[in-house]
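Worksheet for the structure shown next.
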Amino acid sequence: MTMDNGQWTMDNEMQRQQGTSVRLDSVGKDWDPKILVFACQYCTYAGADLAGLSRLQYPTTTRVIRVPCSGRTNPQFVIRAFQKGFDGVLVAGCHPGDCHFSTGNYFTRRRYLLMTRLMEFVGMDPRRFRVCWISGSEGPKFQQVVTELTDAIRPLGPNHKLRDTELSSLVGGIGR
Amino acid sequence: MRYAYYPGCSLNSSGLEYNMSAQAIAPLLGIDLFELPEWNCCGASSAHLQDHTLALALPARNLAIGEDLGLSLAIPCAACLSRCKATEHAVRSSEETHTLIESLIDRPYTAAYPVKSLLEVFIESSMDLLQDKITKPLTGLKAAAYYGCLQARPTDYMDMDDPEYPQTIDIIIEAVGAEPVDWAHKTECCGNGHPTAYPKIGSRLVNRILKQAEISGAECIVCACPMCFFNLDMRQKALGQKRGRPFNLPVYYYTQLMGIAMGLPPQKLGIDKHSVNALDLLSQKRYIPTAGSAAEGGPA
Amino acid sequence: MKKVGVFVCHCGTNIAQTVNCEQLAEAAKTLPGVAYSTEYKYMCSDPGQTMIKKAIEEHNLDRVVVAACSPRMHEATFRKCVNGAGLNPYLLEIANIREQCSWVHSDKTKATAKAEDLIRMAVAKALKNEKLTPSVIPIHKRALVIGGGIAGIQAALDIADTGYQVDLVEREPSIGGKMAQIDKTFPTMDCSACILTPKMVDAAQHPNITIIAYSEVEKVEGYVGNFDVTIRRKATCVDPVKCTGCGLCSQKCPSKTDSEFECNMSQRPAIYSPFPQAIPNKPVIDQEACRYFKTGKCKICQKICASDAVNFEDQDELVTIRYGAIVVATGYSLYDYNQYGEYGYGQYPDVISGLDFERLVNASGPTMGKIKRPSDGQEPKTVVFIKCVGSRDANRGHDYCSRACCMYTAKHATMVRDKIKDSQAVVFYMDIRTPGKNYEEFYLRAVEEYGVTYVRGRVSRIYMESGNLIVQGEDTILGTQILVVADMVVLATAMEAQPDAAEFARKIGITFDQNNFFNEAHPKLRPVETFSAGIYLAGACQGPKDIPDSVAQAGAAAAKVVALLSKDEMATEPIVAEVNTNHCSGCGFCVPVCPYKAISLKTLTERVHGSVAWGPAGKEITRQVAEVNKGLCQGCGACTVNCRSGALDLLGFTNEQILAEVDSL
Amino acid sequence: MNENVIQVSGKSEISQIMREIARDLLQQKTVSLVIGWEKGILPNKSAPAFITQSHDTDKLVFDEYCYHNLTKYLLQRKGSGLKTAIFVKGCDSRSLVGLVQDNQVPREDICIIGISCPGLMEERNTVIPAKKCETCYTSIPVEYDFLIDCPDTKTGDDEPGGSFAHRELSKVENMTLDQRDTYWQTMFQGCIRCYACRNVCPVCSCKECCFDLTSPDWVGKGNNTSDNSFYHLVRAMHVAGRCVSCGECERVCPINLPVMLLNSKLSLSIEELFDEPPASMNLDDTATLSQFKPEDPEEFM
């Protein structure tokens, strides 16, 4: 890295390292992304349960964290998920107007409208990060969203952006 | 105040009296009506029956010329007004439409200068001055203000007056010293072109308005639209004959009454050109010299 | 050292056929913190639960993870189970390996791997779980009903009958509401007063009901079980104890003003009861109309009163009373049809509203029950009814349907035909909506037996011609314009929220919709609850309703109140937000995002170490911090995300717990 | 209000008026501290000045090197009830409004002396105008008790989110996603997490910052690019809808990271999405993320 006119610029070495992050050719076609889902317990979690009750099949890529309301999903959790190696994140809750807590998802919507723009601004592929309203009766929608998300991420390969790949045991491990 | 004056097609033909009277009184009231250069037809009733985009693009070109000059359009005709206001509204409320319209007329148009009806212009900027200029208040004249359908509708963008019970013309009638009558048919449809195409339906509509004006005790009707004027004035005689009793309700443009009150000669205001004799009432009331000396033109 | 036990359920073959449960249990043993792990065919069965309890005791487990079906299914079951073994129920976590794993996947290897991850997440979270105890709040066994219309009266009676004390607050001098003004009720046509007044008397005589009339709710503080409500008793200037209700004062009062009860169609004195059967039947002085209050002279009522009950010095009085539950039954008001220019902006005296008509046909109304038109007192021969005035009209009124108008218009038209010989009743309508028991039959009777003419179409204009009203409208079935020469026009005006509904809702802490009707907590499943625990809705304040629906809803609200009051105390869900006041900067960002108004700021006083910058040493400083009312908090966690420092956290779903889940994979 | 507006004929007169106002306030014991600027030890530098004695007021100056946004010093007297007078430029005045909105500083404890700002020079290259002045649209303070009204005020963009801000953003927005990632990772890798940007930020007014906590451990204590990214992104979200674009974060950064780009991106997004005015233009505003409209844009169906 060099300093040029008071601004940092990348030198070639850096560009090469970052630019050649893992591509489709380096992973198998049957590579499965790892997707974290934040699901509100009144709508999306119930929708996911309904998908189960209806035996709707979808890829094994998702791991669901149950939260009381999508309004509980701090954007910080999302960044943390990417740091920790998830390849995609889905934040899902009740449709606006249907929130069990009356207004929670309206705040979610505002916050994540900004969050999605910020993530894209720093280079996160929008296909990896999705916010979606899935109600308790939308089992098929849960299946569809998860399948779409998996299919969209698979060709992108594992995520390296924002990911914590450094040897944290040497310098960054304190407090972990 | 300077405005881009958009006469449209009727003000030099069927609505000539409106044009004459407006041009005559405007300078006296400090209003500069600068005729919009190279104006084109607004499309009025035919374009929007054919093609929605065309109906927006035609007025948009005129509006864009006005915007180039940095002027608001002042529009006498209610139909032109309606089309221009509709265009302005469409451009303001949809960025997509805005882009489309600009590409069609091949020049920028941002709806920066609000479209105004001539009626609105007078109401907004000359009512005080009018009071000073009145030399012959029209005391004792009972007039029915007739707005027709387009002056205050639809409410989405014709936000100048109450759509069910408009008041602007009534205010002018009062300002010139006459007495506006209260009646229920201020905004009833005059039939537009239908009295020609479907005389049965059309004449019933005109008849209803005339009858209600008569019942209300009005001695004349005051309007602000060349189409309304045309229907109420020109068809009046035939309708009177049909029922066996003439109506005898002269129809004036509000601009004409303003002119009379300011002491302008009726010929200059086109009052001699009406179908229903409009001079006799004014001379009977002694607002103008007696009929004999003024009636050169007579009914056209 | 925390010791987690992992219990994997086969759910028969529901889980076991796509997930290798034995392998799971083995793998779980290697997870950090796991001291014991096993699997079983049916974990939720008695032997399964016994197995868990035994393992807790034998292995000294202090956290339990059950990998089974959805927590929405059996979380409560397993919480009870671990509690039975002496563990706090909130130390349990469920890994959902059925609905969200075995049922939705078929590849056994992948499904097992996923189930392993799900258990890993649950263990990570369980390790961060802490004991949670529900807080207990006392329930004050007294209910408040706001609004003394039919809904409020019914709710008060139903609550009082079960033995609880009820206060019924009404802002007018008498209870009774709109129903007292109505003449007859559809579809039975029994007289409104005949069915309402006995209920009013019941309420007045009920040992458990206190009627607080001519009073308004000023302020509501507190929360479920413990509302402190400040009520303003407006000055009546008549001592209710001394007054015998003889009515002599009203007869002799020289000041007259329009009677609100008679829809301004007749006059009432300044010292008045709104109607003869009023309850409480003690008059009040309308200070705006009273000659003494306007000029300082008169006092006729005081002189004439044999029991010396009139007191001109009477002042408004504020009382604060504690209640366990509140029923809001503040009713509705009517759309002002004067906004309709085409119906004459209210300038035609013979264009009246449906409620005006009720008074005109009422035997004790201004015309003694003879239908006479207001302009000249003549009996109208042709009466036109227009429905949906202000309803289903987005331009001038409201989008919604007012629900009762179809029926009462049919009733009015029937009455016109019944009471006036050779009369004609014409109804302009958009649709006929009669979705109630015996409603359609009632409407058909109006058409078939009473010969009411129904015209499908809107009226575009009403105008006067030679002293008659001309109603100009369209018959959309015949496709033609029609003119009706009418003697009187009755408008079925929309029911709308009270003009002060929004202000009132903010005052007591409930929400309202775009039309200012109060929001129920769930449109289908919680129709009488509000989002604020302990506050319930009855009647038309929640949306347009007719009498049967209002009464039914009042009964439902009363049942909810009784269920609440029947307990001495109430356990609240311990999953609530908690403030770390050391970290809280008092910015108050949590306050507006809380839908339950559960967060407020309180002031702390602290001694500072050293001195304030550029100030004296050892000064005390004050600072504000957030405070969560556990009775009101419902545990949504919206506040935690708006708290940048993380001073607010949600118990049961703490930042640490969620991060542990994220980090575990 | 008008008698509290003091007209000066040019920027050279500002310092003199400042001294007079400060002296009066201290002499009349209206306030016990005046926060302003004084001449620094180096040429072309001015430094914050904290004046408690009226005879010290002659130190006060205003020139094109008064970069420091002084408002954050008020937090050090939070809760004491002591009265403080503070000088603010147009840009600083909004951060003061922000502090009042965030319930950190009671408005009645502060005497605000506004200066309609003639513009600053770049701190590290004192011959060119400061970059932040090019995006400025509030050279006249939005809130004040006294205003020193100078005719040669300088504004850059004449409206929020003007062309300059867009031009800056487009540098990043024109990159591909991978290029953006590389760009930001390079930036964040350089970050030494000294927290200067946070410490100087007037809207970072938390009592305890979440990045200082050990539990939960949002970021590790070591220097790690991933954690650095987390820090910058989360800080951008925390100030979203509250950032007043004072640019202090970028000024104090020892390695010149373009921190303001993240904030500008969010400010402009807020304007586009929610049609809200810029943060803290007046005392009655509510922060963007503390409110919502049912008709907010819907992208998540």
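First chain written, first letter: the chains are A, B, C and D, and each begins at residue 1.
Note that a contact is a pair of C-beta atoms (placed from the backbone, for glycine too) under 8 Å apart; a residue touches a chain by one contact, two chains touch by 3 or more.
Here the structure is a predicted model, which means the values were calculated and not measured.
Note on interfaces A-D and B-C: more C-beta pairs are in contact across A-D.
Centroids of chain A and chain D (each the mean of its C-alpha atoms) stand 33 Å apart.
Mean C-alpha position of chain B lies 57 Å from that of chain D.
The centroid of the Cα atoms in chain B and the matching centroid in chain C are 53 Å apart. With centres set at the average Cα position, the gap from chain A to chain C is 39 Å.
In chain C, the residues that touch at least two other chains are 593, 642, 655, 659.
In chain D, the residues that reach two or more other chains under the touch definition are 217-218, 289.
Multi-chain contact residues of chain B (touching two or more other chains) are absent. Touching pairs of chains, sorted by label, consist of A-C, A-D, B-C, C-D.
By the touch rule above, chain D contacts chain C in their complex via residues 32-33, 50, 52, 73, 76-82, 102-104, 205-210, 213, 215-218, 238, 286-287, 289-291. Chain D contributes residues 124, 172-173, 175, 177-187, 189-190, 214, 217-218, 220-227, 229-230, 233-234, 236-237, 240, 255-258, 262, 265-266, 269-270, 273-274, 288-289, 292-294, 296-301 to its touches with chain A in the complex.
Against chain C, the residues of chain A that register as touching in their complex are 32, 34, 36, 41, 45-46, 48-49, 51-53, 55-58, 60, 62-69, 71-75, 77, 80-81, 84-86, 100-104, 107, 111, 143. Residues of chain C touching chain A in their complex: 70-73, 96, 98-101, 103-107, 110-111, 113-114, 117-118, 121, 511, 519, 531, 575, 593, 595, 634-638, 640-642, 650, 653, 655, 658-659, 661-663, 665.
Those residues of chain A lying in contact with chain D across their complex are 1, 6-10, 14-15, 18-19, 21, 75-76, 79-80, 83, 95-97, 103, 106-107, 109-125, 131-133, 161-166, 168, 170-176.
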